[in-house]
């Protein structure tokens, strides 16, 4: 609970910094502040509780995910410094929006009431609309913002309808009460309809097939840092929220529902991976890759009672490698017209360190051992086989093979092509973020228990 | 109020809302003018709001009506952002036809 | 515990090589790899003295994964193969002037580390991790320091990577399934599993995909020739000398004891496929124009025979397979080195562009000839010991297999001598061929010496591996 | 003591090999040759000592050095067995070997790689000794393959000529076909009796009756295939004539006197096996007889002096196998020894001629040499008479024994053998007359350089000629020393022929046959002075014979071509297809990706449409479908 308040406070402070002309201190101060919030959050790990009439329910799940979100935000903010170099005057706005976005994300995983959930998701979404369209003069950015906005509000409508149906069935927004009521024998049909609609809405947010069409366009059009935010923070938030929704409301997951999840999961993996093969734009490629990862993460829904730890681990592994990859992308594509693979030619020679980091990040996404991505997939597969969905796992394995095709396309480009233009400068923060995030990823890969055991 | 519900039945409220919601959906699907699309989304949201109120009454519970305020506020904020994006699109493109937004694809 | 130091030594060696800079890299790498070889000899000593070198430590609790290393005779033999070949491979690079030398030598040591780990690992997942880890360095070695057209190379190497990774992912799925049955990835626990016939079949198939691609067994071999051809010679040596053996070793260590019923049930198919590989590889090798490709296909034929031996499920078959693995490891490294020596002088790998070299460099020719003879398993070479044992085991299964497998004796002699004739003999070549340098000669002599020494006196190796193979057989025949 | 001696015996040539390999060049040609010769001579002396010992004690010497190979049910020692058979073999291998080494010092003196030659030759002797003294089948196999290797090296000694290299390769591969048979035989015996040791195998075979007799037959057959390869029997004989590409001393040592007799050695060694399998013995006899006849017919029309001798060798080997097939192992061994004497002499003599003519081998370009090369002429004449079976030279006795055995066995075999013998007499004297009689037909320049060969060449010739003349003494009918000496080897005692009328008649017929053959040759080539036609003019059946029944071409057509075609087919089509399939999977995925991009066309309306479709699909599946 304190996390949320502290975050909102921090956001306001960011805006104030601009007013009192402390722009230079903005990034370090925010990072420090976030670190403080992180400490605060972690300290709540062993103190589950509910606040404000169970509007906010703090438990291990919410604390763990909130901490992950905060860490990701720290990275994103560290990257902002360099990214917004030419828009210094708006730096505080962007950072503040990110902090508010984070507060939305935290609300989404620590809600105790559907109202809080709805508010959280809207805060997150609206912040993202703004960020997506934030490059005002760039038509692509405008288009991305518009597309995201239209489809996003459409999805919001569906979610709202779902919440309404649940309310209609249960007469309350409180998840604890809903959970208790759902144990009773006779449930109005509205309840499962509501759950289904909310799930569909969340499918949209995590960009699962067939609700994924926005993702590639929006990822490509948005400013790179926004894309980074969407593909890491927003995606794992949405996934965690979906997971939390289903567990918190104790929704009896029927067999049919599981089939839907299986099909959507398979479709997401397959479509994401196959479409990514032929992409030239790296952001777009990562969008499709993100779609496929959403497919993988959906597998956790098939055994909700013991897969929270796996989801957290997968989310952490995926988002950390995403951050590392985007850090390199931001560096490489700075002041370039687009993010095409051409820009990465020869990176292995000009910047071996960054090339190695990007390689590591891609290997992690592909699920090659010692990177966290491997363990993430391993536990996921293991659990899914246990749940009895061997076919799904085989499809996932085949997809992992396909995915190597495009991840390695980028690696090949870095190491085998000649560089066209030299890149100058070694922005400390970008290097720092890239190194720290890949090291974290490696550490998770070597000691998965660190994260896996947080959620039993 | 209770009487009205007794007379008309909650199902009919649901049907009404669903119909309104679907009208909104069709609006979004078929209209190309961004403003009208926005309005269609508003119809969808308001259809749900109507249902919230109906359920609120049905359950004799105020939470539903409170929720409507939340949702209206959020919808307003959303539309504000949407319109802002629309304005910058209009400046760049000189049109608010969403069919013109096809630069990003593939 | 002692075994870990070996892995650490190799890993530190890789790091030190990378940090030592391009000029010193090769020397540092040689130093560390020799150190590793020396240390593994020390380990061998300990093992012979009866010290238990197995090592198990908890690593990850959920899922239950242990850092478990098992050093029995079999693993020791493979470890020695790895650590003995690594310095040779490093040394073979001395004559080349690699761009960015520190990276390639560091990658070689890193790969050696991963392969040693694969041979030692006694926990399924640890094993899998090492298995995959070995793939990454060779990918980069082949990609960055390879030869020939860059686009074609990229294609070949990527195909290799995806292909092998694909196969291993199925193996991983198999492991996960086993884990769910056994509650642990530990080799010992997996050996204790009593799976039904159907379960064993699917596990076997999942493993088989991985191994058949790695070994390779036809028709999963299509990656091989191109990659061997395109990779730099050190890479080819690593691949053919050690990495192939990972697959074969895994068959013995993991596939057969865990799913023996499936192996028994489909024995004829498996042996048939392997033996078909022997004949197919030999015949295709006959008309190859590129020396390295020819050697690749000959390798296909040889490993086919080794796999056939392993699938006989007899003591002789398994033992012969191990002997032949070691023999083939040295031989093929030697032969690829010969190809490299010729390339350094003639800038070609096409046999048609060679010829008439013998007159100019008799010493080199003798070494080459000895390697060719070892490759065709002349008695008194180590290869003969292995090949004889394997063929004998095939005979125990079926006379027909022994005859078909034995065709390697004839066909092998045919393509190897044909190659030798056109590469080395004939009218004196107009292009001068500088005599082998001291370094090159030393390496060739070493390899030949190993092959002939163990060819006459294979008892040390046989004694080393026999107990562990008997142990594996007990699990197969439980 | 015995162990040391045995090691000296085996390792002396190997030491010679090592010295010649590493220091041959620096030591110079004469020294290198001397070392090569001496090392073999040492072996000869040692074998002589051991021979005396065993001949006196009648107990074989067995030596086990160390474990070599271990397979499931048995272990193979690295060990030696020095018994009557192996010592006998050693004597003529090292003895004739020494002579030929001596000869080579002079013969190869002009070759720049003389030290290499001696190294190979020493290595050959080393492997041949290993083959002979090995105490089990596998050690024998080392030698077996080792001599094959040396044969390969020496046939291709002049490696600049690719045709020679082809010949060398062919010899090696055909030998290997036989080797596979041998190996299979070893497998069968090893699996059945858990040993491959000669001594234990013998007892096992004689006592055990639990083994399926079919396996034993198969084993014998497989071993015989091995013998066919090494001893150039049908169908694996075509390599031997081609092997004449090597220097002439090599042909004398390897391809006449020693290596090619390894097959006979092995069959004799394994006599306890073959005696159990009359079916296989019959096959051996038939193949032997057929080979003797076929090779003899081919030899009738050959014009290359060495080719004639080569086919003659094949034919004689056939006769030996005929004897083996009849179960007369001693007889075969007897002929091996006498054949070694006269055939070595003939080859060396032909070498002397070729040497004098600076490499000319075509008999049509020779003639009239008896005046310039009297020693060569006389020694060769003695040997020719011996091989033609003229009384009382060595060949008469041994060949006569064979024919006599065949006669008692099966009259058809005897007829074939006799015809082959007549032909032998004919082509040998055809060779003699064409080479040494009449006038010289070569170029003026050659004529100018004609000379008798130096001492180092003639001395071995003389020694061998003497042996060819009197060698028969070791096994005269009535005083059969060899039979008694070898008797301990055989489980079935050899039936000595009682010299009755039949026997004397047979001797007479054989002698008459030889004389008839010589007479025809004399009429044709000496009296009428006919010359063989030039290659282009040869027609009819002679052409078929001259072209060796086109067997090489048939093999080429049946085996070599198809394998190569298959190889090309595999390389060009199967490989492409299989890898194309794998690539195709990748490509198909790529195409799918490219097509999929078209759906993602940037139109929000479409995206919404799919969204709504998804919603409808899920909702209707969940709630309406039931």
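Labels A, B, C and D are assigned to the chains in the order they are written; within every chain, residues are numbered from 1.
Methods note: a residue touches a chain if its C-beta (ideal position, glycine included) is under 8 Å from a C-beta of that chain, and two chains touch if they have at least 3 such contacts.
Just so it is clear, the model here is predicted, and its values are computed rather than measured.
Undergrad: Going by C-alpha centres, which chain would you call the most central?
TA: When every chain is reduced to its C-alpha mean, the one closest to the whole-protein mean is C.
Undergrad: With contacts counted as defined, which of the two, A-B or A-D, has more C-beta pairs across the interface?
TA: Pair with the higher count of C-beta contacts: A-B.
Undergrad: Could you tell me the distance, in whole angstrom, between the mean C-alpha positions of subunit A and subunit B?
TA: Using C-alpha averages as centres, the distance is 27 Å.
Undergrad: Give, as an integer number of Å, the spacing between the C-alpha centres of subunit D and subunit A.
TA: One centre to the other, that is 78 Å.
Undergrad: Any idea how many Å lie between the Cα centroids of subunit A and subunit C?
TA: 43
Undergrad: From the C-alpha centre of subunit B to that of subunit C, how far is it in Å?
TA: Centre-to-centre distance between subunit B and subunit C: 66 Å.
Undergrad: So which bits of subunit C are touching at least two other chains?
TA: 162
Undergrad: Hunt down the residues of subunit B that sit against at least two other chains at once, touch-wise.
TA: 25, 28, 98, 101, 103-106
Undergrad: Going through subunit A residue by residue, note those that touch at least 2 other chains and give them in order.
TA: If we look for residues of subunit A contacting two or more partner chains, we find 146-147, 150, 154, 216-217, 405.
Undergrad: If I apply the definition of touch given earlier, which pairs of chains qualify?
TA: Applying the touch rule to all chain pairs gives A-B, A-C, A-D, B-D, C-D.
Undergrad: State the interface residues of subunit C toward subunit A in the complex, per the touch definition above.
TA: For subunit C paired with subunit A, touching residues are 60-63, 125, 128-129, 132-133, 135-136, 140, 143-144, 150, 154, 158, 161-162, 165-166, 169-170, 172-173, 176-177, 179-180.
Undergrad: Please give the residue numbers of subunit D that touch subunit C in the complex, ascending.
TA: 21, 66-72, 78, 116, 138, 141-142, 144-146, 149, 152, 156, 159-160, 162, 165-166, 169, 172-173, 176-177, 179-180, 183-184, 187-188, 190-191, 218, 563-564, 566-568, 570-571, 575, 578-579, 582-583, 586
Undergrad: Which subunit A residues qualify as touching subunit D in the complex?
TA: Per the stated touch rule, the residues are 146-147, 150-151, 154-155, 158, 189, 192-193, 196-197, 200, 203-204, 210-211, 213-214, 216-217, 254, 256-257, 259-260, 271, 274-278, 402, 405.
Undergrad: Show me the residue ranges of subunit D that touch subunit B in the complex, using the header's touch definition.
TA: These residues of subunit D touch subunit B: 597, 600-605, 608-609, 612.
Undergrad: Applying the document's contact rule, which stretches of subunit C touch subunit D when the two form their complex?
TA: Residues 159, 162-163, 219, 222-223, 225-226, 280, 283-288, 314-316, 319-320, 356, 358-359, 362, 366, 373, 378-380, 385, 388-389, 391-393, 395-396, 399, 402-403, 406-407, 409-411, 413-414, 417-418, 421, 425-428, 456-459, 462, 466 of subunit C touch subunit D in their complex.
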